[in-house]
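Common to both upcoming complexes is subunit A, partnered first by subunit B, then by subunit C.
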Partner chain A sequence: MQSNAALEYDYTIAKLYTYTAILFGFVGMLIGTLIAAQLAFPDLNYLLGEYGTFSRLRPLHTNVVIYGFTVSGIFATFYYSAQRVLKVSMAESKFIMFVGKLQFFLYLIAATAMVITELMGYTQSKEYAQMEWPLDLLIVVIWVLWGVAMFALIGIRREKALYISMWYFIACFLGVAMLYLFNNMAVPTYFTSGGVGSIMHSVSMYSGTNDALVQWWWGHNAVAFVFTVPIVGMIYYFLPKESGQSVYSYKLSLLSFWGLMFVYLWAGSHHLLWSTVPDWMQTMGSIFSVVLILPSWGSAINMLLTMKGEWNQLTENPLIKFMVLASTFYMLSTLEGPIQAIKSVNAIAHFTDWIPGHVHDGVLGWVAFMIMAALFHMAPRMFKREIYSKKLIEAQFWLQTTAVVLYFTSMWIAGITQGMMWRAVDEYGNLMYSFIDTVTVLHPYYAIRALAGVLFVTGFVMFAYNMIKTMTSSRELSEEPQFKSPMA
Partner chain B sequence: MDIRELQGYATFFMTIVFVLVLYWYIVYLYRSEKKGEKDYEKLGNIALDDEIDSKPINSSNPISNDKKERNK
Partner chain C sequence: MFHWLEKNPFFFAVGVFLVIAFAGLVEILPNFAEASRPVAGLRPYTVLELAGKEVYKKDNCIACHSQLIRPFKAETDRYGQYSLSGEYAYDRPFLWGSKRTGPDLHRVGNYRTTDWHENHMWEPTSVVPGSIMPAYKHQFTNTADIATAYAEAVTVKNVFHVPYGDDIKAGEKAFDAYKPKILAEAKKVADQMKNKDVKDMVAAGKVPEVVALISYLNSLGRSRYEANKVK
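What follows is the complex of A and B.
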């Protein structure tokens, strides 16, 4: 700080969302591990009466990890990095601070209500859109408040050019806003049934194939605009900042951005291959999915090349390890997804365990790794203390990497076995296996996945412990580190 | 031709148009840099030099920045 010693970035909101990311991350992954174990050992379904069954807990898992953990991570990193790349502090505007606090407060209410209502069994029964309409309305308010804070910050910025991360956060805001509204149009059954139905239970305004199309337009773009776009925004800020290397090619980052925006929106129909949607639309979904490799790898390779000549940092700095592996897992899942979207492959892969396998090399190896690395990077700057333990981060890294590999390899084998067995016919065209035959064969792979869950959650607890120690009892720093995060 | 077929053709041609726009954008990015009108790569420094009181990198436009310097 040279001239304007009084003015500092204000991390109040970023800190609040950091706490919720840690909390929901732990809860969500614990539930994930429990449901993984239930698939291997069905008796575990009866621990908590109706509240402990797989069918209650599975949507709770997805909602807590997406809307609790990931979205908290997005807000935390946004409120941290946006100030910095715009060179403006939230403390400069009472209005923005107020909006930020209000947004967090409402977010906490909504997230808590989401957990409670879904445990009680209230659901719209649409994937990633299970929350009932009162919560949907609250989420619209929260999202709008985020937009207000974002554009107000942009409005008072000192740095006129918007850094590439900001483009991605803006796209996340706009993409989710548009698709969330369309997909959640619903009417409480009370009104459609002349008073017999329930006020709290609603049905979609669309029906049949149209409903499926809108659902997966949203569903896939939840992957695009929650699991991909803001996470790419994160890596474009945190990897260069932590390594001290500016983005390898800024032009490539711009081009990948527009490529991703254009292509991603039309890939959703790959969730509906071989279904009743028009044939051309299925083909379009396949083709756009394959083309999607280009902008995805454009960003990922750009990140790897950013480390050019600096690969020694990979061995010296565990945060760089996390981020480099994150972009590598991003490349893996954006290659795997397009393969699954090819119609003939999809005929085997659809409805099998290969799909959750694919989902989790992305969400564990890419999303969770990137969010944890970003929060680690932010901690010394927000709390003005060095990271509590480097050894612990190293151990966490290897434990969780092993977990991800165990998760997706077991699900690859399980999924393809399942797909082949379902389709196998004898010489007369009769099915060779019944459903329970596949269940028996898959048991060991389900057990391996449950083990992977235990390892990953253990790693997450190490992360949480390290973060809490960093906040409370680590050595204090006299000045802000420029690039590499200091750790003991 | 029913509405569904029309939608299919519309999507196809829209795709072609967008692809052309995207390719044009690549040419534009490189050409404007070659001519010295823009300097995109320096924007990468926004992430590295992000102290609240450090000098803004400002825009991808090197000429207008120079002018600003001279007018100071």
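What follows is the complex of A and C.
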């Protein structure tokens, strides 16, 4: 890599998104912990009247952690790393700075409106696409602005070849744009009915089985293009930067990237196994889910082998710990997913707590770990101060790792227990359990999961405190660290 | 080729887009026309039921309840006939859900009554001891948005050709003319309920959320196949 000495990068936008990532991360995970606790202790449903029930808060949790925390993390790392891999500063173009600031401003409005409208109950009731049509339009504008900033930066770049992390950011931009547009196609009823009723309401362009297909084409691939693609892009940038190691294999990066692009989209129908979607689509979903192990593990192994010969860093640098464990959880999660996508396993797993269990070993162990490590790496470079406390990072790491393990193990047991009880029959072939038996049996696992939530949020508060202290009162640095992030 | 693509961002982006769009074209499009046809004898939701579906969406029942009975003996024994694609033809959006913290509801109208739902929504543990579902008491006092439900009926009739009668048409006046039918239907539900607030509201020409919701829940199942019930 070339020396960065000549260029002064501008981190204004990256900093803004760092603040929102911390804020929304805390809020989203706090709501998540509350709703986890509600399943174990139902009295907690009545803290906020009609606005505090599990059902009303659940989409708020998912949306705040996805569109608040994760997307902020994506934008923060993009506006930080894109300048550096393209060898061009945001400050060189007034236009790009303006687009970036406008995008952030609109993002803040959209995120606030999302929280308010969803609390009030305005929803399309499509998972991860709850926002009603006026917000959808605003999000399209925000997304287009991101694309403008991205391609404008690419347009004035000095480094001609795009680095691997840029491939993933471009794919994130295109993939989400396509999926979001098609899935949110809806007709606002106010205009077609001659001005009757609420202006917020719309009906989906698709009905029944078609709506389900489009929704899970989106639902699954939102996971792909928000929780996987840009996060892989992050680790390709931040792990080599923090460790000082070159990426293990360029060919493996190529295979993993193009493989992931081609295969991921097919797998969406594995959310609809045993449904009214035609069998051939269900089988395609299963098969491609299994094939998906290849590109997923390709990236993860490429990252782990990048550390070859330098494993001592794992004991010395907590940020390397976070990133290596993130890769490992990514491998676990991308093996578990295909297993659940096999039809016979899905017959037990679907509709049970094994599914949120699977989601969370991915989003906590992979996405959140990676984003927090990336923000930690960025902090000394953006704020020109060393990281406030290494001990605190170490403590946070073990606390949150414990939390993730408690979360997914309890949900594995809960899910398989419930799946087996639903189908259990006695010697005469009658169902053995009424539905409520399969609910009350889960109480201990729900309590463990709530505890896991408390531990993870506590870890996140430690992260936030460490970040804020780094920004404000840590020792100042005279020059930018080259690899390992300095920490006290 | 890949080295060249990495130096030419435009063609790189086009390449990525083609590769990711391909699956959607092959997998989703071919089935579109077929999957949207209703099964024989299926009627659309009434306006009151649509208002109930809005309550179902607003309080986000899909967080815990599915509407999809899979073709296994354990499921058909518990919930009834497995679900057919054509039964969802009038469902915009589909409300299959992805998690069963509570039981499936696709045929709940076949085996639960207005009276049961009233007790259950007021205090779930009164009819299901050990239930972890929250009470939804606010639905007994909140007013359901029948105007928006009516607007939805007009929209799906005009845009998607859902077979509603001639009395469902655009404009405030048409809505005012149609309103008594909605209220009459609401009264039938409220007559089977005990809650005094609910009865008072319906008498005053308003539809409480719980009445619309129960009307919707009762429609899930065989009642939507009875001929001519829509009017």
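Heads up, the rule we're going with is that the second predicted complex is superposed on the first by the 472 of 488 C-alpha atoms of A that agree within 3 Å, B and C clash if a C-alpha of one lies under 4 Å from a C-alpha of the other, contacts with A are read in each partner's own complex, and residues count from 1 in each chain.
The rule is short, and it goes like this: contacts are C-beta pairs under 8 Å (C-beta built on N, C-alpha and C of every residue); 3 or more make two chains touch, one makes a residue touch a chain.
Everything numeric here is computed off the predicted structure, so don't read it as measured data.
Shared-chain residue A:F262: touches subunit B and subunit C both. Using the contact criterion defined above for the overlaid structures, shared-chain residue A:T117 touches neither subunit B nor subunit C, since it reaches no partner. Of the two partner chains placed around the shared chain by superposition, subunit B and subunit C are both touched by A:L254.
After overlaying the two complexes on the shared chain, residue contacts for A:R84 are found with subunit B alone; subunit C is out of touch. Contacts of A:T458 after superposition on the shared chain: neither subunit B nor subunit C is touched. Touch criterion not met for A:T12: it reaches neither subunit B nor subunit C. Once the two structures are superposed, subunit B and subunit C can be ranked by residues of subunit A touched, with C on top.
Once the two complexes are laid over each other on the shared chain, residue contacts for A:G244 go to subunit B alone; subunit C is not touched. When the two structures are aligned on the shared chain, A:P278 is found in touch with subunit B and with subunit C. Touch criterion not met for A:T402: it reaches neither subunit B nor subunit C. Touching of subunit A by both subunit B and subunit C, each in its own complex, is seen for residues 160-161, 254, 258, 262, 266, 278, 281, 284.
Those residues of subunit A whose C-beta lies close enough to touch subunit B in the complex are 1-4, 7-9, 83-85, 87-89, 158-161, 163-165, 236-237, 240-241, 244, 246-247, 249-251, 254-255, 258-259, 262, 266, 278, 280-281, 284, 483. Those residues of subunit B whose C-beta lies close enough to touch subunit A in the complex are 4, 7-8, 11, 18, 22, 25-26, 29-30, 33, 40-41, 43-48, 50-54, 56-60. Of all residues in subunit A, those touching subunit C in their complex are 38-39, 42, 45-46, 49-50, 53-56, 58-59, 121-127, 151, 154, 160-162, 167, 170-171, 174-175, 178, 182, 187, 189-190, 192-198, 201, 203-204, 206-215, 217, 254, 258, 261-262, 264-266, 268-269, 271, 274-278, 281, 284, 288, 347, 350-353, 355-356, 422-425, 430-431, 435-436, 439-440. Across the complex, subunit A is touched by residues 2-3, 6-7, 9, 12-13, 16-17, 19-24, 27-28, 31-32, 35-36, 54, 56-64, 66, 68, 70-72, 74-75, 77-78, 83-103, 128-136, 138, 142, 145, 147-152, 154-156, 158-160, 170-172, 174-175 of subunit C.
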